[in-house]
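Okay, so chain A shows up in both of these, paired with chain B first and chain C after.
Showing the complex of A and B:
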């Protein structure tokens, strides 16, 4: 409940402030979005499994963003940034789908 | 040992797909045991995390939707500027034509029936300065139809060789030169009047006639003695060459005698005067 409220407040703050994204962050924005979605779905699934842990939630989100960003940054420096960015999106995307399927099984029992 | 190594990546992939839960949650739950008391930072941490997540999503949304309209706006501005420039260019040309007609009328009044007036009229006609009406010949030359279903035939953005532009400025130029040779007095290509100083050139995929880009099919109107034009043109090497090309390469090529052709005058002729450069040998 409070999590959903905080999520909505975060979205509203972002929409109201409309911060300008610095140029050097731009390539990492898609990565951050996918990592955020992964954290959300992972958190919901853990909640439904009854093993939700706030510390794991926050740390996994932040570290996912940071690590994915580092991987892509390193790839950019070595000339494979685009491919590594795709790899990060694919891996996190698979996780999102798997978690969404687990949530679906919990909610609909199907 | 080796077989184990070869299966390892596959195991990783299967694990990736089947075991999507973050192992951190399970580990934390196992460490704390069941029915652990809530800690003081549980709620703030969740709030902070959700705030961050929502903020990230909102930033991404705003960023995506702010940059896309900006690019579209720049594009729209450029298109509008080009269109405005074209419109004002057309208006100026029409104005120049109108004024030129006034001048011609005034001059015709001032010089009625004199040999000087006739000579001037003839010069203006040859220079493409005045509109011309009369019988003549219309030649049409077109690229072969582009095959539409070229999917899978090369990457997008590349033009297959077969669909490349077969006709270039040289083709248009050779037809035009042949028609001048056959006795045409005034000519236009796709509505652009040719003058003695006209140039037919090639830039990228477009043929330029006096810097006005035209595209296939090319319609060349020539005013002159239509009987002479038709017979001479039908006998020419140029006509037989394009007949051969039409059957071999699929270009369209045809000509027809016209009883009345209207060719617009062009306002783009700026007379250039030759000047004697003093006595020869002096510097």
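Showing the complex of A and C:
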């Protein structure tokens, strides 16, 4: 509930403020967003499973973002930034799909 | 399981201590891989937990998700902005730049080629035009000299009277020869244009010039340097003297503009063909 509300508020603030993305963060922002989405879906699933822990959620959220950013950063330094960010997006995408499937089973019983 | 215990620990103790221990392993796993091991996750549910950490966790989650929403909005906006290059990666940009450079080079090469072609065509077109103009001028001057074209220019007009009909064709030919010798470029004898093939034939009471019967007085027009022509005709023992000896006279008038309108026809060669140059 709080999370959904906060998400909406964040979107609205982002739309209203129209901040320009700082240059150094540009390659990492999309990856960070996907990583955070993965954490959010995991959290939703845990909530539906009845095993949600806010501490676990917060830490996984932050660590997901940080690790994804680090991987891409390292990839950039190694000259394979494009490929690594693709890899991260693919992995996170698979996990999001898996979580989404579990959520779907909970919600629709199917 | 130890879920409840652990949770109680976490909530009662200062978070810094106990958080790090179980979390680093647990945190990464349950949320990230709920598909495989959802059971590891501790339940947050039991009503016995204290109110304060719960609230704090809620605020933290709210902040994080707000940041996520904010980031999504920002990213979507910056991604949909018209300048898609501004958030491209460095190596992508380099590749794009290389592509553009190669393309520019190709296009420049093409421009240079086309420019060369254009120059070439213009030059050849110009030289063609010049050559044609020159040929045309040459043709006209040859036509003037040949007598197939009307001509105009400074020269003399000569009136030869011969009341006693004593002037022979030979004498009249002398007039033409004298004029030619003095550099006359175009000569008209009576109504006849004098060319290289013009003939003078004696007949009773006059001459036939190119099969045309002429009777005195004869009018001769010549284009050339007027002074020279005048002098040539007036030399002692020359044309004027001959005419006077024959009882007639030769009136020579220098003119600024003599119009020679008579034209000759030149037969096209039957046997001779233009040879190699």
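We take it that the second predicted complex is superposed on the first by the 110 of 110 C-alpha atoms of A that agree within 3 Å, B and C clash if a C-alpha of one lies under 4 Å from a C-alpha of the other, contacts with A are read in each partner's own complex, and residues count from 1 in each chain.
Rule of thumb we're sticking to: a residue touches a chain if its C-beta (ideal position, glycine included) is under 8 Å from a C-beta of that chain, and two chains touch if they have at least 3 such contacts.
Keep in mind that what you see is a predicted model, and the values were worked out from it rather than measured.
Classify the contacts of A:81 with the two partner chains as first (chain B alone), second (chain C alone), both, or neither.
second
Which of the two partners, first being chain B and second being chain C, lies in contact with A:61: first, second, both, or neither?
So A:61 meets both chain B and chain C here.
Is A:18 contacted by the first partner chain B, the second partner chain C, both or neither?
In the superposition, A:18 touches chain B and chain C alike.
Does chain B (first) or chain C (second) touch A:27, or do both, or does neither?
The answer is second: A:27 touches chain C but not chain B.
Using the superposition described at the top, list the residues of chain A that contact chain B and also contact chain C.
Looking at chain A, the two contact sets intersect at 2-15, 18-19, 21, 26, 29-30, 32-33, 36-37, 39-40, 42-43, 45-46, 49-62, 95, 98-99, 101-102.
Inside the complex, what are the residues of chain A that reach chain B?
Against chain B, chain A makes touches at 2-15, 18-19, 21, 26, 29-30, 32-33, 36-37, 39-40, 42-43, 45-46, 49-62, 65, 91, 94-95, 97-99, 101-102.
Okay, in this complex, where on chain A does chain C touch?
Within the complex, chain A contacts chain C at residues 2-15, 18-21, 26-27, 29-30, 32-33, 36-40, 42-43, 45-46, 49-64, 76, 79, 81-82, 85, 95, 98-99, 101-102.
Report the residues of chain B in contact with chain A in the complex, numbered from low to high.
16-22, 24-26, 28-29, 32, 39, 41-43, 45-63, 66
Where on chain C does chain A make contact in their complex?
7, 10, 15, 19, 23-24, 26-28, 30-35, 38-39, 41-45, 54, 57-58, 60-75, 77-79, 86-87, 89-92
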